[in-house]
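Just so it is clear, A, B and C label the chains in written order, and each chain counts residues from 1 on its own.
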Amino acid sequence: MFKKTFIRMSGLGGQGVVTAAHILGAAATREGLDSTVNPFFGAEKRLAPAESYVRISSERIFERGEVLDPNIIMIYHPHVITLGKCYTMPFFDGLQPEGLLIINSEKPLELGDEELARLADLKARIFYVPASQIAVEVAGTELSTNLAMLGGLLGVTDLVSMESIKESMAERFGGGKFVASGTTAALDDVLKSKFAKLSQLIEKNVEVIEKSRSSVQEYLIN
Amino acid sequence: MNKSLFKISPGFEDIMPAEYRELVEHGPYEKGFGVSDLGTFKELIEEHPLCAGCGLALSLRMILASLPKPEDTIIVGSTGCSSIAFPQVALHNIHSLFGNQNALASGLKRALKLRFPDKIKDVVVIAGDGATADIGLDMVMQSWFRRENITTIMLDNEAYANTGGQESGMSPQGTILNMAPTGKKFPKISLPEIAREAGCAYAAAVSPAHPKRLEKAVRRAILLAREIGPTYIQVFSPCPTNYKFKPHETIARIKQREKDGTFSIKEYISPEAQEWLAQIEEVKK
Amino acid sequence: MIDQRVVTPEYLFFEAPREKRFMTGSEAVREAIKRANVDMAISYPITPQSESMHLVGDLYAEGYLREYFRGENEFAVMSAVAGASMGGVRVFTATGGPGTLRAFEAFPTWAGARLPIVCAFMTRGVNSPLSIQPDTIEMAFMLNTGIMMFHAETAQDLYDMILKAFVIAEKTDVHIPVGVFTDGFFVTHTRDTVEIAAEDIKLPPYNPYCAPVPVMDMENVPVRQMRDPFVMKSNFISYATHASWQQEIMAAAERARNYVVKYLGGLVEVENEDADILIVASGTAVSQSREAIGMARREGLDAGLIKIKCLRPFPGEEIRKLTRNATAVIVPEFNRVGWLCQEIKSVMEDTGKVIGGPRVFGGMTMPPDLILAEIRRCSR
């Protein structure tokens, strides 16, 4: 789709944007692609704006830091848009022509006419996925929202395979070879406690991903 | 340290400095000397560049003579008058910086524990009142909180003497010194009591006016630091230069302060340390 | 903890098979320390460094290190590692930004005391208002402390440089501290592919008796150092001692050049050195430059790259020679003051062709387009 795919994930602290980016980047490297992943460089606070960035390419990636010119923007919470809980204004700042927007919401958000016009100029495509709803319904916890968002991504691109995501998830939650920063580690324990066993955790989340993958709806800009 | 390490190779005796030869022949290593032996052996400190009548120099001589195991004692000092004397002390001694002596000693002691798990290595901090109670107080207290196995000895001359006689936290209230031109506004810091509360197994205030008490405190402090936890001794060491009294009046000055009730010998021993000391006394009997 | 066997540094660095792993810079620190046979580490939290020392703490819990604790502030930590090093063990710590400045007084004394401490510096802003964002300004302050300075571009560099730093620092004819610097977040928090050796091998242990100064353990003769202490300004010997000792520290760093060449493959790394336009950079600015050079090539523009890996000692001769025929030398930096630009100008004959920028500071990444714009401008 894109020679280099640069993804910006915008959400709220605690929603797991960093973890989702990690799983996605790791999945890409499993498929022989080059990837770098980094979080937004801020203090870790629940419900404060949080961003992470994934770069995926078949060629070597050198540059690092925040993605200023994303091909794909994933919005993990409507508040990123509606309350401006976002590090960029507007939330799609820097979006590349024909870029994709994947938004976690059960129904389309009311975007301003000016914003829609700019997105139309960019030939951007907007997708909605009820990620939090699916997370609660299928996994019984909103903490799986981040994985539901990855499902949304798989629904609209073929960047990585489900199998790679699954393997990366197992490594992330079970391997002990990953490092979560202090706050993220505390959330992990919460997440683990919600599922009796790791395999069950993976299984449930695969279900979450599958469900959201097939629940993505495109919103057509008139 | 094995004493043989220290011996002069045959044939080289004549080129070694006299004070080194004296140390080899009459030094205190592995001898178990104390303050009452002063004058009968070659002291660890060779001369000293401090002022005539310096209380600190006197205290330092007595402390060094009281070390239970000089051959395995490493001294950590800090900036100040005492640091000027350390280079002439025949022990491994470290000048750290100003105030970081207890932090450095913590790292050193732990390193020596790793390298010599079955051997005694006493790490003794000897620093002035400015280094201990002012600029280094956080690191001094944190080493106590962490229960580091080190002994901290403050040479309390109640001023920053090396920099020209400024007020320190240990100066008595009302004293006129540099940087306190109208007199010090707050009382002397109660460091022995702070030490007691901060986790020291042993805390004492002594002076060179009572050498045997000083020796006892140093020995107890170092032995307890090995076995139980951090220990603290504050040695009142008046400064003739900055407190403007005659060099020969140093001891009289201490006694006068005792009489005034502005200096007194103190000793706090934690219950755990008491128990250990009692056992030692028992064994001795 | 798994059983590890001691191997030669050469085997660990150059011959041992390596495995590709996807990890952050902080994790690369853990992997390096795991194989470095470190005796003791002392930690203190500061973003973006904390994670690396959490992980070193985990290594201690697993048994790879013999001692580890959290100090009370960076000055205390740098003092405690000095004490540990004087006591004869191999010691590691890390800090960054305000922590570096808080500890600053300790660094010149590390060098002066000939302590082979390895410290990782994860750089960040030090200004007010408070910033935790990437910025390399603290390196400007560190340039003349007498410690050796490596600058890691990536997590891979960080892994390699930390391991190699111990070996270089502990050479008898060097025996001074090494700071391994890396850009906070851009490396520490960024996941990247890193090639690492198997975890069942490690460096040989440190031998404290290889030091050019006595180890403070009372297991060697405690000579009285002097009749008059050096701090007394009363005699010529004290002046001469201080002057010659400073020169000796500098000389130790000079002697390290050969080891830097041997283990790091040189103080600089060069690509396309015959290009008219050369970019000279260190750290993350190198990565951004690589991207910009790729973009320039696609536009038919040519630019070369000099990556500085070792800042102290400074590769003055290398830079003088390499830049001699260039028409323009672009120096992108992640700081306001342009300390690298000053360093480069100080060794070049024709400083008029040096472009001091782009400079990005305050925490943002450096868009490769900014560097590309300079390449375009210089190509006109």
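FYI, a residue touches a chain if its C-beta (ideal position, glycine included) is under 8 Å from a C-beta of that chain, and two chains touch if they have at least 3 such contacts.
Nothing here was measured: the structure is a model prediction, and the numbers come from that model.
**Student:** Considering only chains other than subunit A, in their present positions, which groups are joined through touching?
**Tutor:** Leave subunit A aside; others remain one piece.
**Student:** So which chain ends up closest to the centre of the protein, judged by Cα positions averaged per chain?
**Tutor:** Per-chain C-alpha centroids ranked by distance to the global centroid put C first.
**Student:** With centres defined by CA atoms only, which chain is the most remote from subunit B?
**Tutor:** Checked the centroid distances; the maximum from subunit B is A.
**Student:** CA centre of subunit A versus CA centre of subunit B: separation in Å?
**Tutor:** That gives a centre separation of 62 Å.
**Student:** How many Å are there between the centre of subunit B and the centre of subunit C, using C-alpha atoms for each centre?
**Tutor:** Distance between chain centres, rounded to whole Å: 38 Å.
**Student:** How many angstrom lie between the CA centroids of subunit A and subunit C, rounded to a whole number?
**Tutor:** Taking the mean C-alpha position of each chain, the two centres sit 35 Å apart.
**Student:** Residue numbers of subunit A touching subunit C in their complex, please.
**Tutor:** The contact residues of subunit A facing subunit C are 22, 25-26, 29, 34-39, 41-43, 62-66, 68, 177-179, 181-182.
**Student:** If we count contacts the way the header does, which residues on subunit C are in touch with subunit B in the complex?
**Tutor:** On the subunit C side, the touching residues are 39-40, 42, 66-67, 69, 71-73, 75-77, 79-89, 91, 105-106, 109, 208, 214, 216-232.
**Student:** Which subunit C residues qualify as touching subunit A in the complex?
**Tutor:** So the residues of subunit C touching subunit A come out as 20-24, 26-27, 30, 47-48, 50-51, 54-55, 132-134, 184-187, 189-193, 284, 287-288, 290-291, 294, 363-368.
**Student:** Across the complex, what residues on subunit B touch subunit C?
**Tutor:** Within the complex, subunit B touches subunit C at residues 1, 5-6, 19-20, 46-47, 49, 71-74, 76, 83-94, 96-97, 100, 103-116, 121, 138-139, 142, 146.
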